[in-house]
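Letters A, B, C and D name the chains as they come in the text, with residue numbers starting at 1 for each one.
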Amino acid sequence: MSALLEVRGLAKTFGSVRALDGVDLTVEEGRLTGLIGPNGAGKSTAFGCIAGAMKPSAGSVRFRGREIAGMPYYRVATLGIGRTYQIVQTFADMTVLEAVTTGALLRHPRLPDAIAHADEVLAFVGLAEKRHRLGSALTIADKKRLEVARALATEPTLLLLDEVMAGLTPAECRDAVALLRQVLTRGITVLMVEHVMEVLMPIAEHVVVIAAGKTIFSGNAHAAVRDQAVIDAYLGSPIEHGEIAEGAR
Amino acid sequence: MQVRRLAFVLAAVLAFAAVPGAGIRAADPPEIVIGSILPLTGASAQTGAGLRAAQQLAVDLVNGHVTYPLPAVGHSGLPHLGHARIRIVFADSQGKPDQARAAAEQLITQDHAVALIGAYISSTTATASQVAERYGIPFLNPDSSGPGLTTRGLHWFFRTTPNDGTFAENFYQFLADLQRTQRAEVKKIAVVGEDGLFGTGAGDAEEDIGKHRGFDIVTRIAYPATTTEVNAEVQKVKAAAPDAIMMASYLPDALLFMRGYKDQGVQPKAILAQDAGFVDPGFVKALGPDAEGVFTREVFSLDIKHRNHAVPLIDQLFRLRFGGKPLDGNTARDFMGVLVLADAIDRAGATTPDAIRGALVATNIPGNLTLMPWKNIQFDQSGQNIGGAGIIEQIQDGKYETVWPFDIAVKKVVWPMPAWKH
Amino acid sequence: MRAHLLALGAIVVVGAVAAFGLHSQVTLELLFTFLLYAVLGQSWNWISGYAGNVSFGHAIFFACGAYAAAMLVAAGFSPWLAFPAGALVAGLLAVITGFPTLALRGHYFSIATIAVAALVDAFVRTTPWFNGANGFEEPIRNGWGAMQFAQKTNYVLIALVLFAFVQLATIVLERSRLGYYLRALRANHAAAAAVGIDERRWKLIAFAWSAVMASAAGVLYAQDTLFVDPPSVLGLSVSIDIALIGVVGGIGTVWGPAVGALIYVALAKGVALQLGGTGKGYDLVIYGALICVIAALRPRGIVGSLVDASRRRRGARIANDGAAPVAERAA
Amino acid sequence: MEALSTFAQLVVAGVLTGLVFALVSVGLTLVYGVMDVVNFAHGEFLMLAMYTAVGLALLGVGPIFGLPVVAAALFVFGVIVYRVFVRRLLAGPPEATVFGTFGLLVLMQGLAQAIFTSDYRSAPNPPFQGTLHLGVLAIPQAALVEGIGAIVLTAALFAFVEFTETGRAMRAVAEDRVAATLMGIDVQRINALAFGIGAACVGAAGSLLLLSNPAYPTVGVQYALTAFVVVALGGFGSIQGALVGALLIGLLEVLGGFYLSPELKMVPVYLAYLIVVLLRPQGLLGRR
């Protein structure tokens, strides 16, 4: 399987703060990769650099072999990378159908084709019967689902999901996971950023863990849970004997 | 659906608007209607109000029985038309060219005016006179000085007032006369004016005629009329060190320039102004002694009462109607414009356009039968009154005194203008 | 969609009937001015309503058409050429001035348009071939070739065709990729970028179309008024009149500009002609008060608020009873 | 030598012109900075202030002594306009404030023409009409007084906003209206106050302006245009930025007028605006 997205030595500094200090990440085509790490590990910064607009201080982000670091969001979307936002962004005064149609227009310039395609995507994500409701009148779960539908409507080859599970009830999470499985079956590669480990476990075949701006683990999800570096990152490393002694004195 | 109903309402409203506008008129009135286009709202509303009062006064005198040494006055209407009375209908141009055109159309098609008069602001006169040309109705312009108006080859356009070209000619004739009588040496001239139609028209004429007569135009300055400071312009004039400065400005910029000249020690022998801001009541009031000695061209002055004793009488009648304000260049010209038109209609003996036009072409009213300092009123084939001429006044002891032409001057010319007082 | 076409058809028919049926030149003149300002209002609406960049310098595109007509006639060509020529110049001017400024936010864009308009005004005033402050005056001609007519009827007909084209284009806009993208950009920038909308490119397209429409209106104005100079076609007051028509009627709607133009013509022209004799600024007072009331109570303008009301009612109705009416949507 | 003294005089004139622009723009910075409302009727507030000052002058109170009275009158006018009108505009969509203040502009123009007519009206024999001569430089006293007024007004407003309680509250509202409400700031009162103080600044400006300009219905239009360019150039909401922007524009206009041509003297001003806004959208010192 060829690598769809390759991130090498990604670094980003804000003034004196080194938010990212060498993140490496590979997303295999057709598989769901999880990007995970404790709060403040630099996940959002990494996502920002990958999704475009945020120019990394160093390192490269190659999509299908083409460098896309710092490219504006709309160019990245046109290349075939769909995305959702951590805080859901809806077209307030548009109906569900109109919002997804707006996404479909990227590949289907003629409106009738776009509307037809939008209807397909709505059916696929299960929002068909709410197609005429105003986006602003939906529940959080439906808004997130709408955002995924909107991204799918642009027929991406890679879908970037930024904490799409945040704020959902366990039942809504299950529905979301079910949807993600269907997305994978359509051959769309997914990179999912989360900070809740068990959400990723059931669906992520490949997991990359970052902490303090560095990649500390890359591999199978189950192996990740048992990896000492990952545990230390999450639970904090055990205190060496010597340190206490010095501290106490 | 809500909006669909609204769109149909829109269509219905349009339909209703169309029907009542058919404009069926009552039986033809015994009166003869003259249409007048003036800037009754907008920036020149105040001037428009004065012109309106002067035109109405002229009509009332034509319809009245009191006689004055003026054409068509005091015969209770037009004698050759069975003493039909004249009615003047006013329409507002708002000082905008397209609104002036709409006003002209209304006067011709709805009020059935036999002739039009107007419109003070040159650009509005241009569009209104084109409507008259298209409908074949005589158009008399008493008060726009833009030179271009009579170079358009219009068949129905007549203008009684001298234009900027005449006034520029007057300036140079005045300077020539001064050189002859008072050894006044003027060689270098600065031409300064706002960059609108008024300033450009005056400035072009002053520059062309000056060069033609061998004067040295040392600088030509056009500045945005709405400017709030004129430092750069004053410095340019100072650098050119002219003998005389010709100005075409409105009041705010006129004051800025005069104060600038004083501050920067620009001391020309003469400042020659194309009235406008320099004859505004606020000019002398604001500058006091610093206004002394300024020359301005004028089209009218109460000083010429010895030529036609009607002048003070008409002035008195006008003050009664317009809050005590005296007759000035604009109101006097509009007053005369109405009389010239009434006289032509009377001599035509009919209200058909051709008859009136014929009478206008044949017009030859001697200067002393007018309020104006003109030789006579006679139109050339371009419709321009060739008998018109301006006069030149000088501010002496805070008052505008006629100083040229010498035959009607009431005061000697103070030359050169007094130095700035510090 | 169908509703708009029906309404447009009705207005075109009524307009045509009025054009031929009416004799009163004054009423025809008001009808012509209504159509002209409806076109201008709609052209302004494309950039300031649909695209959300409020322009206070829109007169420069109106002037492109007006000057194109006057200069072509002065050079001996037919004024009909001014439609393509004016459109080309206006379109180019829109792209050149729009490219750097369209990304500016809110007031910065509005003030930038004033600055650009002032620069164009200075350029026209000081460049010799525009005749400076004297402008152009067209000699009187007659007939379709010269696009000049004694009777107003033909002017109304041309204006009607232009009005129909502009309204049709707006109806199509709302059902087109450009329309969706402009709405998306106005609703949520981040979401719009995520679905691949290049803000500058699509707003430039809207701006160019808007300029072309305004230029066409300029050609008609020049052929009706036969006089063109900087203050009458390029001044700040012209841009302000155009903007106010859009606001009163309702921004971002198909029929807003038409309603705004109707109110403008009724007030500015009708009142002035009737009140003409009094000499005071009464029409300005009435007009200003009306704008204040509308801005305070009905900020989306008359049609805009009707659209909002209908959409909210429909949105709410769907939310609770779930029944999905036919995909018909107004405005 | 001659060219040098001309240049020196032009620079001095540019600075004095810039200070007058600052005088007229100060009120706008406060109103915009605090409430995000660009008051397009700013020019008409200035016109009203000048007419009030003329009224006082006719009653014998000159533009200098009358200044606090005019400022107070405009303060009251500003608060009333905010409470009755602008408050509703702020409740509407962003464009409501733009077009609402536009309607106000047209309304005040109409009223001014109806009530005052379009005659030019000025204070009878105003003070400071003379000229100060410093070597080769000539400085009109009126411009000097207006300049000093501008500096004093800018400093006072800056001190008010930086160091007083209400000033801090205003900056909080400017920063984040919602957070300010959470901190217990009565946003409506602060907005009304800001609008009133902004109008009071225009009142002071109107009084001083009467020393060199007559009052007429459209006197405010050009000053307002320049004020918007000045405030945007200096960075909306930055009081000291407006002063810097004003000085820059004053110099550009005067020097541009001499070395370029008087007819094109506004070109460098508008070009400077476009260049700065395109390169630094938040203006020279603004923080937005």
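Quick note on the criterion: contacts are C-beta pairs under 8 Å (C-beta built on N, C-alpha and C of every residue); 3 or more make two chains touch, one makes a residue touch a chain.
From a predicted model like this one, the values you see are computed outputs, not experimental measurements.
Peer 1: Let me spell it out: compute each chain's centre from its C-alpha atoms, then which one is farthest from subunit D's centre?
Peer 2: Farthest by centroid: A.
Peer 1: Count the C-beta pairs in contact for C-D and for A-C, then report the pair with the higher count.
Peer 2: By number of C-beta pairs in contact, C-D is the larger.
Peer 1: Compute per-chain Cα centres, compare each with the mean of all protein Cα atoms, and return the closest chain.
Peer 2: Per-chain C-alpha centroids compared to the overall one single out C.
Peer 1: Report, in whole Å, the distance between the mean C-alpha point of subunit C and the mean C-alpha point of subunit D.
Peer 2: 32
Peer 1: Taking each chain's centre as its mean C-alpha position, how far apart are subunit A and subunit C in Å?
Peer 2: Chain centres of subunit A and subunit C, defined by C-alpha means, are spaced 44 Å apart.
Peer 1: Based only on mean CA positions, could you tell me how far subunit A sits from subunit D in angstrom?
Peer 2: Chain centres of subunit A and subunit D, defined by C-alpha means, are spaced 50 Å apart.
Peer 1: Express in whole angstrom the distance between the two chain centres, defined as the mean CA positions of subunit A and subunit B.
Peer 2: 76
Peer 1: Can you list the residues of subunit B that touch 2 or more other chains?
Peer 2: 41-42, 45, 49, 195
Peer 1: Could you pull out the residues of subunit C that touch at least 2 other chains?
Peer 2: 125, 280-284
Peer 1: Using the touch rule from the top of the page, what residues of subunit A touch 2 or more other chains?
Peer 2: If we look for residues of subunit A contacting two or more partner chains, we find none.
Peer 1: Go ahead and list every pair of chains that touch.
Peer 2: Pairs satisfying the touch definition: A-C, B-C, B-D, C-D.
Peer 1: Show which residues of subunit B lie in contact with subunit D when the two form their complex.
Peer 2: 41-46, 49, 195, 221-224, 226-233, 235-236, 238-239, 251-252, 255-256, 259, 262-265, 280, 282, 285-286, 288, 422
Peer 1: For the complex, give me every residue of subunit C touching subunit B.
Peer 2: 3-4, 6-8, 10-11, 14-15, 17-18, 21-27, 29-31, 33-34, 125, 132-135, 137, 139-140, 150, 221, 224-227, 229, 231-232, 253-255, 258-259, 262, 269, 272-273, 275-284, 303, 306-307, 309-310, 328, 330-331
Peer 1: Name, in rising order, each residue of subunit D that touches subunit C in their complex.
Peer 2: 32, 38, 85, 88-89, 92-96, 98-100, 102-114, 217, 221, 225, 228-229, 232, 236, 261, 263-264, 266-267, 270-271, 273-274, 277-278, 281
Peer 1: Could you list, by residue number, the parts of subunit A that touch subunit C in their complex?
Peer 2: Those in contact with subunit C are residues 53, 72-75, 77-78, 82-85, 89-95, 97-99, 101-103, 105-106, 109, 111, 114, 129, 131-134, 137, 147, 150-151, 153-154.
Peer 1: Which positions of subunit C touch subunit D when the two form their complex?
Peer 2: Checking each residue of subunit C against subunit D gives 54, 100-101, 104-108, 110-112, 114-116, 118-119, 122, 125-126, 236, 240, 243-244, 247, 251, 280-297, 299-300.
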